[in-house]
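Both complexes below contain subunit A, partnered by subunit B and then by subunit C.
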Partner chain A sequence: MKRVLSNKWSIMVFVLPTVVFFTYIVIFPIFKTLWYSLLNEIPAKVGDASYFSWLEHYIAMFTPGRRNPFPGAVVNSLLYAALSIFVQLPFSMFIALLLANGAKGESMYRNIFFIPVVISSVVVSLLWGRLYKGLLPQIFESLGWSVPKNGFLGNPQTKIWFSFIPSLWQYVGYHMLLMYGALKSIPEDVIEAATVDGASGAKMAFRIQIPMIKPMLKVCLSFSLIGSFKLFDTPWVLLERSNRDLPALSMYVDMFSNHNYSYASAQAIFIVLECLVFTILLNVVFSDRDERNLRRRKERV
Partner chain B sequence: MKKKWSVGKVLTQLFLIIWLFLCLFPLYWMFTMSLKDTNEIFGPNPVGLPSQWLWGNYASAWGSGGRISNYMVNSVIDTFVSLAFTSLLGFMCAYGLLRMKWRGQKAVYTYILLGMMIPMHAALYPLTEILMSLTKTHWALIIPYVAFNIPITILILSGFITNIPYEMEEAACIDGSGIYRTAFTIILPMMVPALITAAIFVFLQVWNELLLASLFTTDNVRTLTVGIKQMSGQYQTDYGSMGAGLVIATLPTLILYMCMSSQVQKSLIAGAVKG
Partner chain C sequence: MKKLLAVALAVAMLLGMVSIASADEPVVLKVASIWSAESEANRAPMLKTLEQFKEAHPEIVLEVEWYEANAWKDQGETLALSDSLPDVFYWNAGGVLWNLVSSGDILPLNDYLTEDISSQLIGGALANMTFDGKVYQLPYTNACSCLYCNTELFEKYGVKIPETLDELYAAVEAFKAAGVTPMALGGGDKWPTNMYTDIITLRFVGDAAARACYYKEDGATFKTQDWIDGMAAFKKLIDLGAFPDNAIELTRDESEVPYFNGEIPMYVHGQWFSGSLSAEMQAKVKAVPFPAVGKGYDNMWMGGPAEGFSIAAYTQHPDEAFIACQFLAQHQSDNGFECGAGLPAWKTEVQCGNPVMNQIAAAVANADTILLWGNTALSGDDATLIGDTVYDVLAGTLTPEQWCEDMETIFAK
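After this line comes the complex of A and B, so read on.
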């Protein structure tokens, strides 16, 4: 039995094809991107003194200047992250709490709120594009509000904000569902005990329910953060082709329109690093808090 | 006696209904747009039900001008071939990594799961170099779709595969069944629910993917997402057909969701860690 399960040949047959394939298509390209980002240009001039540029592209990326949109793009992605964390997540949490606390029609609402999540982001973006062009201006006018000059997506200062709205709207249902699931798995007796102690409504939510679903909040937060650094589809569909107002857009334009492959590779590596750093940061913040709380509880006892 | 309807409950319902409306309105708008002509959309009736139900919009999007039918076939092929390979490779790899016993299995498992952290953007240009020669075929998309979805598949399978008792293999072994037969005829059928969970997640990822699809497809293998994006540029004057195209592209996922909503929700919760 043991011999069968540790037969080297069959292990290779099971594991090796996938590992080789995965390495070739996922891992190997990343190291290649890293390598490219250190070169002066691609195709590289072998033997030339300017073969390597080392960190030059990374420095150029963050050298302020009117013709360098990258710092602004990073700021925009952080703004999206902030919107997602401080508006979208609390809103989703509010809905999740209402539903988990037994609002009438709980499962019907849950199922319908989730619909936007399964729809392709291209369809969502195109629909919102039409809303911005056709319907919303009419509604605004009939309410007597002023429509931005050149339409919602025409003003260079504000169009990025309007390009954020569709994907914020789309993923409320996702966060709602994640939080709802976690809220529902809080043991019944915890809620009962808190009710006996006089907790209800907001107090119950902030003192009992939200602290108890912290692991899921971490998942939601990292989904928001990583999603905002990688944000591409919606703004790409909604904004003009040469737009570079987000890191992924900037990378895309430099890669496939300007053919500046090595510079674009540096931007790609920056996006990966940003995702990694924030993931680690999130882990540190969440684990530290939990440990501290545990220690405090122990001290009290 | 407790009051049946308190102020709080009414406000809750009001709030939920408003959000329900905001969730469904774009969809309603898409469906009605697909049945109107351009004059009606921009004219007197942008929101209401169509005055005439122009099913012809679907014909023109599907057939001659829109070529949605081609895109649909391509999307179906790419999606199902990708699903078949991710499921097969994912299952085999999960079996070898999590059921069999060897040194270094933990390390390889971690190595593959790390792949989940990596955004596709980071591999884009080298992938272009690898796949450029394939852009006239479906493989240019299937290959990266399979590779990038293997980690999440293995993660979803891992929770199930480690819960199967080893007596299964022992009994099979005593009966003289070889390891491959045991894996594929005894363990695989037990894994079907987990495989479905993973497959739904991968289906939604692949069906809705835009970035790679826009780079690695030439005209005859275009998928739906790229196709309707192009249509929206091309059909600046015919919004009815564009609406029909959007509806056609959305229907498969909507139908899947309506038929098995709780299963779809479960899949997406399981895949949430992917980010």
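After this line comes the complex of A and C, so read on.
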């Protein structure tokens, strides 16, 4: 077995089916989409009238105009990413720390926080829709507070914020569970040694536990960022039909309602690039810190 | 030699059996229908139509997939991209149909449409389904929008059913003063708002000018005072508080619940809505033409045959698909009218048991003109634009003047 696995040709033979399959269903469509995005329109739609328009769609995507929702959609996705990173993840971390440090009813709370993750996003959106359109206005009225004009999901200034809340809420449990698992895998003796040295509470969390689960934090950050740029289902169900408040929504409407296949392809490529760039940035930020820490430790030694 | 003969005979017998078996086997056609919800007025008639088809054509089996209307529109567009539309399917007419016709996804029906079949349709039934002389769909309903008034609420609050726009404003103010939301509207779905704006603007611009714009004819323009006045009239209804405070976030289904419960007195919607009314509500509701403005366009209507059944261009059984397509369209027309879900698009002897539908049928029979709704006549991003812009007017982020400017951009493409 060892001999087989050390043979490069054997490895290639074993890996080949996966590589071919992955190339066919992931790599090839990305390049095909890129090609479509550089055409005026896809040949299947306009036949011989298809020609290379190069970056025309990419320029149009970011040309300001009252009827061009894409720049606003990108800003909204960045806002959602910021909310995920600065609100959702810290909250998940807080719950994970509470549970991992032996809170009463640990197992029960862990399951309760995870329940929204297993519910379909569409169901979650419908439930929140009922809340926004029915229960919440009633509560506001009974407390004498004013409901936003046109309702929570109709006010152009606030609707996108309210549409973010269900997804943020839904995936708190997901990140909490990842962080909780990582926290639980910290060796007992490290915690004991830190306790003997006088660490407890916030000090234990910020000096020992959080630094030790950094690889998992990186995973959570990556998931959060990429999820933010691809967010589709919740705002699609909650907000008005054919809304284009996020890049994925805009791409969908241009593709399937407006039949601008090439323009939608350009938006798809932008989303892929956006995810790629931010993932690389995240890797750079984390790896730089690792290297810096290593250098410092070496200097101390 | 004997062996060879025996083998040849065996093969011949086997082939014979296969051919007998395949001759007896029914042709299976995939059908896509909307009306997945039990509450849909057209669902029961469609189920009846399918039963009738089963009896009349045992040689053809229909495998029906049910969808919600908007979901099917998205799904249909997606299936068309991969040439996998079902053999026979529900689809809108006008620009929505043109989307699939232009991409070669729909079979022209001219070779199958005999004089005998065409003569059974009402006059002009195929106008919205014909492009360059080719017919791509058979309608199952004739449509129109009208004003549904709950007479019980009108009597209770002493309000006159409006016949003019000024009377409509007065009715809205009277109901508002009594603490009653005057008109239902599900703005979140966008197209229900188009129902209001289309008919109001039609009263100001007339059929010819509106038709020219919706069909993008040479010289057509939205930048006229009539279009501005039409949208301003709609804006005035918003400002008077005609619609629920959160109308913009409601779906059509959500918005109709208070009307069904007898809490809202007025609603502008398509004729199919009358089929969704309970027997108790049918007795209370009166369907009337949208109020007059006095510019000479008061007997013009929005609607016409706007929905039907089409056949995928790549069906393996075009002959059987046409039989199914015609049967579904014609019988759904009868069955839908019989139970009050829609006006017939085919000549019929059937009587409708829904008094509200009969009122609509009587009123629309004398219409000067019927014009297809803007969001159905327009296609692609133009159709999206007319939905987005009326949504923005409802949200208060677009003025009537800006609406005209934005709509004018459709002519620049």
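We adopt the following convention: the second predicted complex is superposed on the first by the 267 of 301 C-alpha atoms of A that agree within 3 Å, B and C clash if a C-alpha of one lies under 4 Å from a C-alpha of the other, contacts with A are read in each partner's own complex, and residues count from 1 in each chain.
Note that contacts are C-beta pairs under 8 Å (C-beta built on N, C-alpha and C of every residue); 3 or more make two chains touch, one makes a residue touch a chain.
All values reported here derive from a predicted model rather than from experimental measurement.
In the superposition on chain A, A:227 makes contact with subunit B only, not with subunit C. When the two structures are aligned on the shared chain, A:154 is found in touch with subunit C, with no touch to subunit B. In the superposition on chain A, contact is made by A:36 with subunit B only, not with subunit C.
Of the two partner chains placed around the shared chain by superposition, neither subunit B nor subunit C is touched by A:50. Of the two partner chains placed by superposition, only subunit B is touched by A:131; subunit C is not.
Applying the stated contact rule after C-alpha superposition, one finds that A:256 touches each of subunit B and subunit C.
Within the superposed three-chain model, A:293 lies out of touch with both subunit B and subunit C [touch as defined at top].
Counting the residues of subunit A that each partner touches, subunit B and subunit C differ, and the larger count belongs to B. Once chain A of one complex is fitted onto chain A of the other, the partner contacts of A:112 are limited to subunit B, with no touch recorded for subunit C.
When both complexes are aligned on chain A by C-alpha atoms, subunit A residues 256, 261 touch subunit B in the first and subunit C in the second. Residues 44-45, 66-67, 132-133, 137, 147, 149-156, 159, 239-242, 253-254, 256-261 of subunit A are the ones touching subunit C in the complex.
Interface residues of subunit C, counted against subunit A in their complex, comprise 70, 74, 77-78, 81, 99, 102-103, 187-191, 245-250, 254, 379-381, 383-385, 387-388, 391, 395-397, 402, 406, 409. Across the interface of their complex, subunit A is touched by residues 9, 12-13, 15-16, 19-20, 22-24, 26-27, 29-30, 33, 41-42, 46-47, 89-90, 92-93, 95-97, 99-102, 108, 111-112, 115, 117-119, 121-127, 130, 143-144, 146-148, 150-151, 169-170, 173, 178-180, 183, 204, 207-208, 210-211, 215, 224-225, 228-229, 232, 239, 242, 246, 249-250, 253-254, 256-257, 261, 264-265, 268-269, 272-273, 275 of subunit B.
Listing the residues of subunit A that touch subunit B in their complex gives 1-2, 4-8, 10-11, 13-15, 17-19, 21-22, 24-30, 32-33, 36, 95, 98-99, 103-105, 109, 111-124, 126-131, 134-135, 138, 169, 172-174, 177-178, 181, 219, 222-223, 226-227, 229-230, 232-233, 236-237, 248, 251-252, 255-256, 261, 264-265, 268-269, 271-272, 275-276, 279.
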